[in-house]
Every structure is written in structure tokens, then in C-alpha cells.
Amino acid sequence: MLIGSIGVIVLPKPLDKVIMFALLQAGFIGTVVAAKYLDVAMAAAIFDPIATVIFLMAIIKLNEIRVKKRDLEGEHLD
Amino acid sequence: MIETQIWFYTGIVLLVGGSIATAIGPGVKDPIIRTLNTEIPAIGLSLIFLTYNHTIALLTYIAASVIITMILLRVVVRMEEMGAEL
Amino acid sequence: MKDIGQIWNDLANPKRIPRLFSVVLGLILIVGFFVPMALNDHQIYPRPLPQEQIDQENPLAPYDRGGVPLVEPGIVKAQYPQNSAKLGMVTGYLSPIAIGVKNTTRYYGTSIYSSPGGLIDEILYYTRGFDTILESAILMMAFVIASWVALNFTMRRRKD
Amino acid sequence: MDIATLGGQILGQIPLGDIVLYLTPFNLFMFAGALIFTTLIAISRTETQIEAEFGSLKDKKVKVDLEEFKIRRFLAIVCGLATAGAMITGDLFNFTLFVALIGIVNIGIVSAVKQVDVLNAAYQYGLVAMIASMPLFAGAALILGATGTLSLFQLSQTVTTPMMYFASLLLLMGIIGETGVAPFYATKAEMFRTPGSPFILIIHLSSLLIIIRAIEILLIINKPF
Amino acid sequence: MLVPELVPAYTVSLFLPALYAGLITGFIGLLAISFQKNDLSALILTDIVGLAMLVIVASVGTDLAEALILPGLVVELAEIMAISEILMSREMRKTGKTAPLLPFPFTADMEIMTTAANFIAVILVVYGVFLSGFTGGAIAGGGIIFYVISRKSRGLPIKIWEGIAGISGIAWAIWLAGFLIFFVAPDYWLLGLFMSAFGILLKVASKMGLIGVMAREEFKRE
């Protein structure tokens, strides 16, 4: 979990960050299981992929927008 | 008892460290990286809830944080789409 | 020394206000480190030691507060017990599904007490129910504002 | 400090579990004032505002259309009711929730307009209101931690500790932020430029009444005399 | 000994570290806001300030504290929702662009969206209904959001939108009636309990569903 958090902070690229974020959440679920609250762990386990998917969609869309913008600017300059 | 203390102080470290990272971490000029960084203090807060056994609050928080994240990302994407100069 | 009129003019710019407010608030938070603080242990609604009930393998952990469903009230230390005639009954109540879950597994206490009945429901709906009214009213107002703005401006539904 | 010395004799209580609403002549007066104003707003119509256009002699009419009028009237009524409720509540956390409700409704009343400046002011005010909800709830939680109670009747009898002074400082800061009084007034001043005057007035009235009530509550908690 | 008379000493010992952590976090967030020129970043940073608030409330460590966390959480969610919408409308006014021209064609084919969506959504909704109350509402709402996002993009007619909003208003009224039963007729507390629990569940879940619709139009416009 700690590795994940350090990874989220240090890595600059969003996609790498998402992977580290998944690691962080895995550690958190482990802690909840160690505390023996299996229902909470279940809910967390279901919600984590949702959060990850939402992040991924946002990142992919942002990338597309940025690429398109750069193309437009490039045409402008020529 | 000792394990609750481990969770508690890990939670505090994540909370403080994560908020510093959100404030001045590398690349936070990009709003999406900033949003991703807010997830770290969120996990820290969850650990503190766990230590106090606020489990119902924890359950609600896990669900609500996904929704908050989604709202924030919607704004970020929309802003980028419009090319807003803030 | 800066002219005082200049300072007032700076204050008139709305964009500066959140920054100014957060600086002032941050300074006040710093003051908090020099004020002696301690938790008073005479609290209402106390709860047992963390992890105590789960370590005893109690299927209702961590919210077991005693009581028999529909018969005997649970233990609740409320502020004004005289104002709530049926104090503790909600705490002791378990829905039939929850009883089924309780008999099957040991680790689902949170779900059991989050379903109708349980201590948090007692506080949120009964003894401090008025708070929850306001809370849901806040959510409703925020939603009314957000959906109105969204329908009319950001999603532009009404014009179509 | 005893509640009776500030507000007069307690006329009655409305017990709702742990949250006890109470009525003293002082509170009753403000409560009735807020209610009367709310009814006035509910039956009144908005005015049309005329803005002078810069650089020419023409004037520009800024009207409120029907849909916008409906939603703003609804929010204004809620704001009035929340103000009235905050006047008579006898529980600290309940009061903070009322203040938070007023804050968000105030943003909503001006959010429907089309001027960029006003929207900007509304957004900045929203940011302040969001930041202010932190000291508001934290102050209430610290008072709970220091005394073990949130009821104003109990709080009026406890001994005040330095921790409670700090907590009430936070509380005051939160209320200032949510209602937007001086020196954080600029955002609201900009918001007053919107058309539709009765709804703007309720924002003003609610923040005035809330400040009076907040000072009363802080006096009850801190007992300076 | 199910419930102690006093707060356990261990919980008291945790109070100061948690409180100071909350103060530090709040301070960092506030300082960052004050140095921030960017309005959007300021909005994200207020999230951090909200976390600081939740830590301070949680540090009291009683059942009452837990009951107070939930309103704090909801206020935070509500304000972010309203303010972000205002920010967007302001920017749209400023740039003078309108929504229908803008949307950017975007398709993301993800395996999880097609195969797992129904399954996860059903689990979450059933679990949420079992939990009831705010918690259940948030969880069921999360399920609905996921389901809605993974569907094909189709505009929701305004009539249906207002209908769903109306349902949540009625659910709010049910909850109010449930609350009144507790005090007017304490003998029927069980009825009041169920009305409150499911009224709130319906209300929160339906609103979250509508947020999901908003987000879908954002991410999956074709």
C-alpha cells in the first residue's frame, strides 16, 4: 500500500498513476480484511474497479482532446 | 491493539503526505493528476475511519468518494474540451 | 505603508476572496496547535474499544448494543431520554434478512446494522432525526440547482 | 450564561428527540420576522431591472423569465424557512446544518442568471462556502469533544475551557464564510447585481439574522460575563 | 459489558494525533488554495479541506461522531456538485460556445463495460437495498451510475428527467412522514423506521442515477 502511494505521488504519467492507484486500493482492501470486516471489503472491492474505469475513461478522453488540439495548432502554424 | 495503531499512523501519514502531494506534488499543474492525487488522502481517511470502527461511515465514504471523483473528472474533461483559460 | 483605500479596493475583487479567507482560516488553524486540547471522556453515545467486539467473534460487531428485536430495547445513552418514548427499540431491532445473515456468517456486522434497525439508524432517524432532514434537504437543494443549471446551460436540453 | 438572561423567559419547547427547539421572546421575534418575510416573497413578483448600456444612450432590460422565476422563488422560500428554523433551534450541530443549507441556497438563487460577472461571484462565493463548511463542522465537533454535549441548555451550564474558545473561533469563522459578511463581502456585493430584487433581499436578511443568532449562541457557549 | 460508561482511554489517546492530523491537512489545503490562481485547482483542493473536516469530526470517536460524519459527507458532496455546475456554466458563458456544438466524438471499448456491467450493477443495487438509508442509497446509486455509464449514449428526455426528480421528491416526503411517526405515534416506530430507511434510499439512489446520466453524456457522446 505504501509503495502504491509513493508511486502515485512520484510517477508523473497519469496512466502509470492509475496502476499504482490500483495497488494502493489493493493494500487498503487487505487492511480491511485484516480487521475482519468482510462486508466493507466486499463493497470496496466492487467500487475500486468502477473508480479505475472512470479514471481511465477520463484520461483517454483528455489525451484525445489534447492530441487533436495539438494537431489543430500544428495546421495553424504551417 | 498494536495493529490498530499501525493502521492509524499509516492513515495519518497517507493523509498528510497525500495532501502535500496534492498541493505541491510533481505535475500538479495538470488537473487530472491533482485529482488522482486526492485519492491518497482519501485512502488515509478511510484507514482512520477503520481504526475508530466507524464502519458504516466508511462504507458510505467509499461509495461517495467514487461519485465525487466522477463529478470532478466531468468538470476537468469539460474544461479541457472548451479550452478554458482559467 | 499601503493606503487603506487600496486595501479595500483589493478586497472588492471577488476572485481574491477565497484566497483571503483561506489565509485567515489557515492562521486560525495554526493557533489550534498552541491551545491545550483534550477529549472529555464523559460523552453521550459512547462506543466500546475499537476491535473489541470483532475479536470476541461477535456476529454483530462492531455495533452490538444489546437488546432483543421487538422485545427489549438496546443500550443507548441519549441526551434527553425523556423525549424519546421508545428509546433503544430501533437499536435492538433486526430485520428478518439481517437475522438470517447473522446466523450464517460472523463477519457481516456492518451490513446487518446498516439495514433497517441498529444504533446509527436510531441516532439518524429518531433522536437526531431533525439533522437528517436538513442534511437531505441540503442534498436536494444542491441537486435542484445542479440539475437546473445542467438542463438549461451545460447540457442545453430545453432548447431542443 | 443562562439562556433566559439573553433571550428572556423561555416560552416553550418543541422536543424532537435530542434536538430541542426552544422559544424565547427574542428568538420568537426573529422567527416571526423571517416567516413573514418568506410569505411576502412567496406571493410577490419580481421586478424588471434596467441596466445602462455603456457607450450609448440606450438602456438594456434584464428580465427574469418564468422558469427562472419559479426556481428562484422556490429556493428563496427554502432560504426563508431555513433562516426561521435556525432562529429557534436549541442544538449546535443543527444550527450549523441550517447555516450550511442557507449557504448553498444563496448560491442557487443567483446561479440561474446569465451575466458572467455574477456567475463568477457566485462561484467564488461557493468556494468560500465550501471552505467554510470545514471550520463550521470542525468547531461543532471540537465543542462536542470538549464537553460531551451539543445541546445549548447543557452547554450554558458547563465550564468554559480554552479549547472551547478555539472551537467557537472556528465556528464564528465558518459562519462568517457561509453568510459572507465583511470583510468577505465582495462576492455577495457582486451577486446583488442580478435582476429579481425580492429574492436578493432574502439573502441579505438571512445573513443578518444568522449573524445575530450566531452571536447569541457564542455568548451562551463562552459566558464572557 | 457491551457499552462502557466512559470513552475508553485508548480512544482518548487517539484524539490528539487525529485532531492534529486534521489541522495540518486543513492548513496544507488552505495554503495551497491561497497560492492558487487556477479556479479549477482551487475546487479540487477544497476536497482536501473537506477531508480535514471529516477527520476532525471522526476523532471524537463515539457513535454520535459517526452519525455526524454522514451529514458532513453529504454536505461536501452536495456543494461540489452545485459549484462545479456553476463553474461550467460560467465558462460556457465566457467563451460563448454552446454545448451541442462542442461534444467530441469519443468511443472507448472496454471489456469490463460490456460484460461485467449488468452483474456489478445488480449486485450493488441489491446490496444497497438491503442496507437502506444513506449508505444503501450511495451504494445503489454507485451501481446505477456504473450501469448508466456503460450503456449506449442516448439523451434522456426532459420529461423522464423531471419524473425521476419528482420521485425523489416524493421519497423525501415519505421520509418526513416516517420521522413524524416517531414522535406523533411512538408505538408505530417500526413503520416509521421502514418509511425513513426506504424513503432516503429511494431519494439518494435516484439522484445518483441522474448524476450518472450527466456523466454519460460527457464521456460517451457519439
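Going by the order they are written in, the chains are A, B, C, D and E; count residues from 1 in each one.
The rule is simple: a residue touches a chain if its C-beta (ideal position, glycine included) is under 8 Å from a C-beta of that chain, and two chains touch if they have at least 3 such contacts.
Every value quoted in this text rests on a predicted model; they were computed, and no experiment measured them.
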Legend entry - Minimum number of chain-to-chain touching steps separating chain B from chain D: 2
Inset, instruction - Would you pick out the chains that touch chain D and also touch chain E? - result: C
Inset, instruction - Report back the single chain whose CA centre is most distant from the CA centre of chain C. - result: A
Legend entry - Of all other chains, the one whose Cα centre sits farthest from chain B: D
Legend entry - Chain pair with the higher count of C-beta pairs in contact (A-C, A-B): A-B
Inset, instruction - Please compute the C-alpha centroid of chain C, do the same for chain D, then give the distance between them in whole Å. - result: 21
Inset, instruction - Determine the centre-to-centre distance between chain C and chain E, using the mean Cα coordinates as centres, and give it in whole Å. - result: 13
Inset, instruction - Mind checking the centre-to-centre distance between chain A and chain D? Centres are C-alpha means, answer in whole Å. - result: 39
Inset, instruction - For chain D, jot down the residues that touch at least 2 other chains. - result: 16-17, 93, 97, 100, 104, 107-108, 111, 120, 127, 131, 134, 142, 144-145, 150
Inset, instruction - For chain C, write out the residues touching at least two other chains, lowest number first. - result: 18, 20, 22, 25, 32, 37-39, 41-44, 47, 50-51, 84, 109-111, 114, 120, 126, 128-131, 134-135, 137-138, 141-142, 144-145, 149, 154, 158
Legend entry - Residues of chain A whose C-beta touches two or more other chains: 35, 37, 39-40, 43, 47, 50, 54, 58, 61, 65
Inset, instruction - Could you run through all the chain pairs that touch each other? - result: A-B, A-C, A-E, B-C, B-E, C-D, C-E, D-E
Legend entry - Complex contact set, residues of chain B against chain C: 1, 3-4, 51-53, 55-56, 59, 78
Legend entry - Interface residues, chain E side, partner chain B - complex: 10-11, 14, 17-18, 21, 24-25, 28-29, 31-32, 37-41, 43-45, 47-48, 51-52, 54-55, 58-59, 61, 65-66, 69-70, 73-74, 76-77, 80-81, 84, 87-88, 91-92, 94-95, 97, 102-104, 131, 134-135, 138-139, 141-142, 145, 208, 211, 214-215, 218-219
Inset, instruction - Quick one: which bits of chain C touch chain A in the complex? Just the residue numbers, please. - result: 51, 54, 61, 105, 107-111
Legend entry - Of chain A, residues touching chain B in the complex: 1-2, 5, 8-10, 12, 14, 17-18, 21, 24-25, 28, 31-32, 34-35, 37, 39-40, 43-44, 47, 50-51, 54-55, 58-59, 61-62, 65-66, 69
Legend entry - Residues of chain C that touch chain B when the two form their complex: 47, 50-51, 62-63, 109-110, 113-114, 120, 154
